[in-house]
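Dropping the structure in here first, questions after.
Just so it is clear, A, B, C and D label the chains in written order, and each chain counts residues from 1 on its own.
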Amino acid sequence: MSYNTFGHLFRVTTWGESHGPALGCVIDGCPPNIPLTASDIQGDLDRRKPGQNKFVTQRREDDLVEILSGVFEDDDTNGQVTTGTPISLMIRNTDQRSKDYGEIAKAWRPGHGDYVYDAKYGVRDYRGGGRTSARETAARVAAGAVAKKILGDGIKITGYLTKIGKHEIDRTKIDLNQINQNPFFSPDASIVPVWEEYLDEIRKSGTSIGAVVEVVASGVPVGWGAPVYAKIESEIASAMMSINAVKGVEIGAGFGAAELMGHENADEMYLDENGKIAFKSNNNGGVLAGLSTGQDIVVRMSIKPTSSLLTPVKSLNRKQEEIDIITKGRHDPCVGIRAVPVAEAMMACVLADMKLMHRAQVG
Amino acid sequence: MSYNTFGHLFRVTTWGESHGPALGCVIDGCPPNIPLTASDIQGDLDRRKPGQNKFVTQRREDDLVEILSGVFEDDDTNGQVTTGTPISLMIRNTDQRSKDYGEIAKAWRPGHGDYVYDAKYGVRDYRGGGRTSARETAARVAAGAVAKKILGDGIKITGYLTKIGKHEIDRTKIDLNQINQNPFFSPDASIVPVWEEYLDEIRKSGTSIGAVVEVVASGVPVGWGAPVYAKIESEIASAMMSINAVKGVEIGAGFGAAELMGHENADEMYLDENGKIAFKSNNNGGVLAGLSTGQDIVVRMSIKPTSSLLTPVKSLNRKQEEIDIITKGRHDPCVGIRAVPVAEAMMACVLADMKLMHRAQVG
Amino acid sequence: MSYNTFGHLFRVTTWGESHGPALGCVIDGCPPNIPLTASDIQGDLDRRKPGQNKFVTQRREDDLVEILSGVFEDDDTNGQVTTGTPISLMIRNTDQRSKDYGEIAKAWRPGHGDYVYDAKYGVRDYRGGGRTSARETAARVAAGAVAKKILGDGIKITGYLTKIGKHEIDRTKIDLNQINQNPFFSPDASIVPVWEEYLDEIRKSGTSIGAVVEVVASGVPVGWGAPVYAKIESEIASAMMSINAVKGVEIGAGFGAAELMGHENADEMYLDENGKIAFKSNNNGGVLAGLSTGQDIVVRMSIKPTSSLLTPVKSLNRKQEEIDIITKGRHDPCVGIRAVPVAEAMMACVLADMKLMHRAQVG
Amino acid sequence: MSYNTFGHLFRVTTWGESHGPALGCVIDGCPPNIPLTASDIQGDLDRRKPGQNKFVTQRREDDLVEILSGVFEDDDTNGQVTTGTPISLMIRNTDQRSKDYGEIAKAWRPGHGDYVYDAKYGVRDYRGGGRTSARETAARVAAGAVAKKILGDGIKITGYLTKIGKHEIDRTKIDLNQINQNPFFSPDASIVPVWEEYLDEIRKSGTSIGAVVEVVASGVPVGWGAPVYAKIESEIASAMMSINAVKGVEIGAGFGAAELMGHENADEMYLDENGKIAFKSNNNGGVLAGLSTGQDIVVRMSIKPTSSLLTPVKSLNRKQEEIDIITKGRHDPCVGIRAVPVAEAMMACVLADMKLMHRAQVG
């Protein structure tokens, strides 16, 4: 992991700005002979795509992915497969508005990277947030689709929203089939109208709201991960925290573990009816001492409210003068929603990497 | 970061098991000409040392550090300094009890790495948890002491406990001078008797309890860190989550940010009385878009309760037979306490690394 | 360095196959505020471009580079500059012939990667050699142009051919101004007609010939590089050996050093007429103990003859049947020629990386 | 590879100075369950050990290795095995002479790292060359012994000297059984008296002489290595060039390839009497396009003459005054000799790393 590259052996390097000609990634280290076409990737991109309903940004992007290298249609095989060489993926930006960036160009929007980028680099592409825009996450989703192919069908990664503002799902009503039936990736149908009304209100008042995303990976075999600084939980935390707007990551009981006593927290082991190793609970969220336990890996992350606001906030401009700033344009009133497929993608990338690392060390 | 190495340019590789002859680390990439003697490191090790009071493990270790390489007493300089070559640090284990490990050797303690290590590696040093023991963190604390030297006096890193079980500090009573005046690294004197009584009870009932640790780094200049996968928050999350028993990491408002609206969360900017850039709040915890803002970097982490319990829990042995298991021996009833200096050390290591990374790219 | 990425801090990830839609690279870690336009890169690409004379491959490629990210036209600065974010460069392939690859597709050409790729990956893009084609080096040359910008005008990197087959330049006649005046990058005008005649003969007889390339970097300050496994000579050796067809790398006296006695090899030090540190010789080629000495860094590499031959050679096909194989199509009779700008580019990339590494550790 | 760490997945971090208390390495990423005791390592260390005859340095070191971590005597297995956790190895320095370093301390010996270290770091451990001493290679040899265990018996790595000064072995007389029968690791018995007499002369005249080392790895399966920047030849070049005094590395025909025509250089393929894939020659030295071919991997490197001389040479001191300098003390008149086990060790480390990398990507 370095600058714009993520992963040890399944390595993803992303590039591109919000309003440049394109964005993309290079995936290195992918095993060969995995069937892969653009349509395998497009499905995931479509889930993240902007402009799909009124609860997300109205920017219109088709987010069509092109595979520029690393695959080949071999006669011996059944269709196009990965060749083991770097897979270059590109997504063109098509809805860069030629609007006047005058004000934003010279000002620092609170909560955004404007000030810190200027302070560090002395220059930044201010159009739509440039490199700091969440548009970068399209490249992650594309990489995640490839990662899932490496993981295979036995591993299932499911993300959903559990909370918008103070409105939380009812965990007794979780039905994973609901997730793609509503605009919020909610697994609880009953909260959908509540969130709809709440978000409408948020949107109309020109503000935004935070959220919590949960991602579950099931089917991960026992033993993936590596001590001490490549712990699977450490890799996951790093991956999730690198997503725009994420301010917290927890695994299993997470912050709740602070309130538990040892005997409450112990995920006792037993043999299930089939004589297989099982656990009575999953407070550890599927990881112990840096390795997967074979249980579901359960991760939650908090997403801060979008910092682009239609209500004026106090700030400074590049000349270090005090100003009031309003961020016009197209924004997600709750970025947490579109973070769901991104978080799934990052989980897939970490797990694909861990699969290869595991294979390297223990065969 | 790979397996047992942490950091990009300030690189720490740790080694050693709980009951082996020694543990230690190799620090690579340290700048030259930094005054460094064993006593500079010993102070931090002493804060983490076991056996200092009844609220931590009764194992007795002096944790004396030896510097085996990377320093030199040069005539031109005033005393011993780093030379820019790898600094090898070693701490001998002196209180490895020659007790019978019979039962533990053959069993998997819930909440520990026993089962996953056996599943992955097929072999493990079961004495005191082997490589998964929190004794490994002594090497981190040693490395952190060197990292602090790189950071210099302008950057101050302060860790403390904010919560044990449900008992939380009163934030209005925080006084950092209190931290080293009580056995809990509590910044709030008023909670000390509460925690004392509560932990006594926990300890006597043969169980353990979780905690929350907060670490604050002040004096970090604006602009450290790097987009997109070496974000400073990503590096911190990875570092903290790699500490034994940590199950969650949050920065700034953290999980609280999920409940905030955009205008509440905005850390508005202004010019202070000296005409310097300032922020009205710090919900972002001193980081934006992967870079430091110049504000305090504020990180919290949850620590699960020690999994070694004197009360029996259900588990399996290596023959996959169901058993009841009690972990005799010496344990921390609340590992969160001794995690404080460890978390400080990891913060120091991340920041030293970011300082060097920053210097590399922007001079 | 991993798979398709080169460098520690100035990191270049290349992608693309010979006959895919495009090839390119992502450059990460570039410092900000360096003026950079496509034309800065195009000049170097033009030197490496195929089809420029009868001594190189007749494939016609314009090798026009597009900058897809990482630069910005800022009002405050004078024109387009790097922003510190990843620079994505793309070069489209335009002269992929739609010829029948039937024979090559099913056969293993000796001296090429065909057999080993099939053995490792079980699949390969056989069109024009796929990923193993020297077309990949266009991306290196593009990256090298950016690296040179980081190094600045004070550092000059000059490559040239010193030998084709047994025909070697006369070192007493070296005139660097000659290098771009002949199709061989020869610094010795007197050997040009010899090489012309010799290569014509080689080409007409359907075979190919090896060569030796020398690269000199002058102006490198003392102290760049790092012990022990990031020695500047180690990095250079790795970089050069990664270029297609390179079979040997030597620095300074190189293999000649094996025949020298210590007192002959000693690069004695003295003060020159200006009182500056100087050396009486440069047998060490500008590097000592992993660090630059401030002298010219002098590197030589041997390039094997092109393995694509119009004369039949014995080989096997994918069914493991013995065959005679002729590689029709367009080839360089002496790949060493076009290796010159590639070797310069790799030297530039290594030095830019070392510059940043040096700055990181010693400020 | 970074500073003092070598390898991607089989990672070796070395530390220590010539006259410090100890030197050693941490090996990370080693697969578990490999039988390993100190005596497995000691044999290789003994081959490199100084003071064994009059042709090498007279420094007396037993070079006894201690394994401080990463192994465990498990009841289930037959003796001590690796556990998959970091293996820390330490070798104490015992023959550090308490001589006066006065002169050396203040002067820069030509051909050594003295000047460049001072220029870069501003401080250096001048005792016996400090970190730049070839004593560091003891740690490599120890790591190499572990690497060989990972490779298993099927892969055999053999190093030998082919040349001292202008005196080269007769390749028709190579008998690998001779290598350990003479003090020069010569595979040709007939040259031994020539070298003896020649080296005696060199030694007595107070100078030193260069050499060429060849290392052959047989039994490496086809397909190890990775394009483009982790080519097996690139990794080998990097590894060998990092050894003290190495000034050139070549593979297969190496620099000789520059003089070959394509049809001469082609390693034609055929089926041998057993119907197995075979090659008529090995000009490519067992590597093609970055991957192993299954043939012997053949590497040669040139070693410059020891820079420590008993004859005076011109130099400068730290005050930048011109001086004559004689390096008293104990030196190898031909460091090439003891480089043989070091080069073998580096080959083993590279191959072990490539084995794990290969397994990671293609299973």
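Definition applied: a residue touches a chain if its C-beta (ideal position, glycine included) is under 8 Å from a C-beta of that chain, and two chains touch if they have at least 3 such contacts.
Every value quoted in this text rests on a predicted model; they were computed, and no experiment measured them.
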{"item": "Of all other chains, the one whose Cα centre sits farthest from chain D", "value": "A"}
{"item": "Comparison of A-D and C-D by number of C-beta pairs in contact, larger one", "value": "C-D"}
{"item": "Gap in Å, rounded to a whole number, between the CA centres of chain D and chain A", "value": "45"}
{"item": "Computed distance of Cα centres, chain D from chain C, in Å", "value": "27"}
{"item": "Junction residues of chain D, two or more chains touched", "value": "2-5, 14, 29, 32, 84-85, 120-121, 131, 227, 362"}
{"item": "Touching residues (chain side chain A, partner chain C) in the complex", "value": "2-5, 9, 11, 13-17, 20-24, 26, 28-29, 32-33, 66, 68-70, 72, 74-77, 81, 83-88, 90, 105, 120-125, 130-131"}
{"item": "Chain C - residues contacting chain D, complex", "value": "1-6, 8, 14, 108, 110-113, 115-117, 119-121, 131-132, 136, 163, 165-166, 202, 207-212, 222-224, 226-231, 233-242, 244, 246-271, 275, 277, 279-280, 283-285, 288-294, 302-309, 311, 313-316, 320, 322, 336, 358, 362"}
{"item": "Residue ranges of chain D in contact with chain A within the complex", "value": "9, 29-32, 84-85, 227, 356-357, 359-363"}
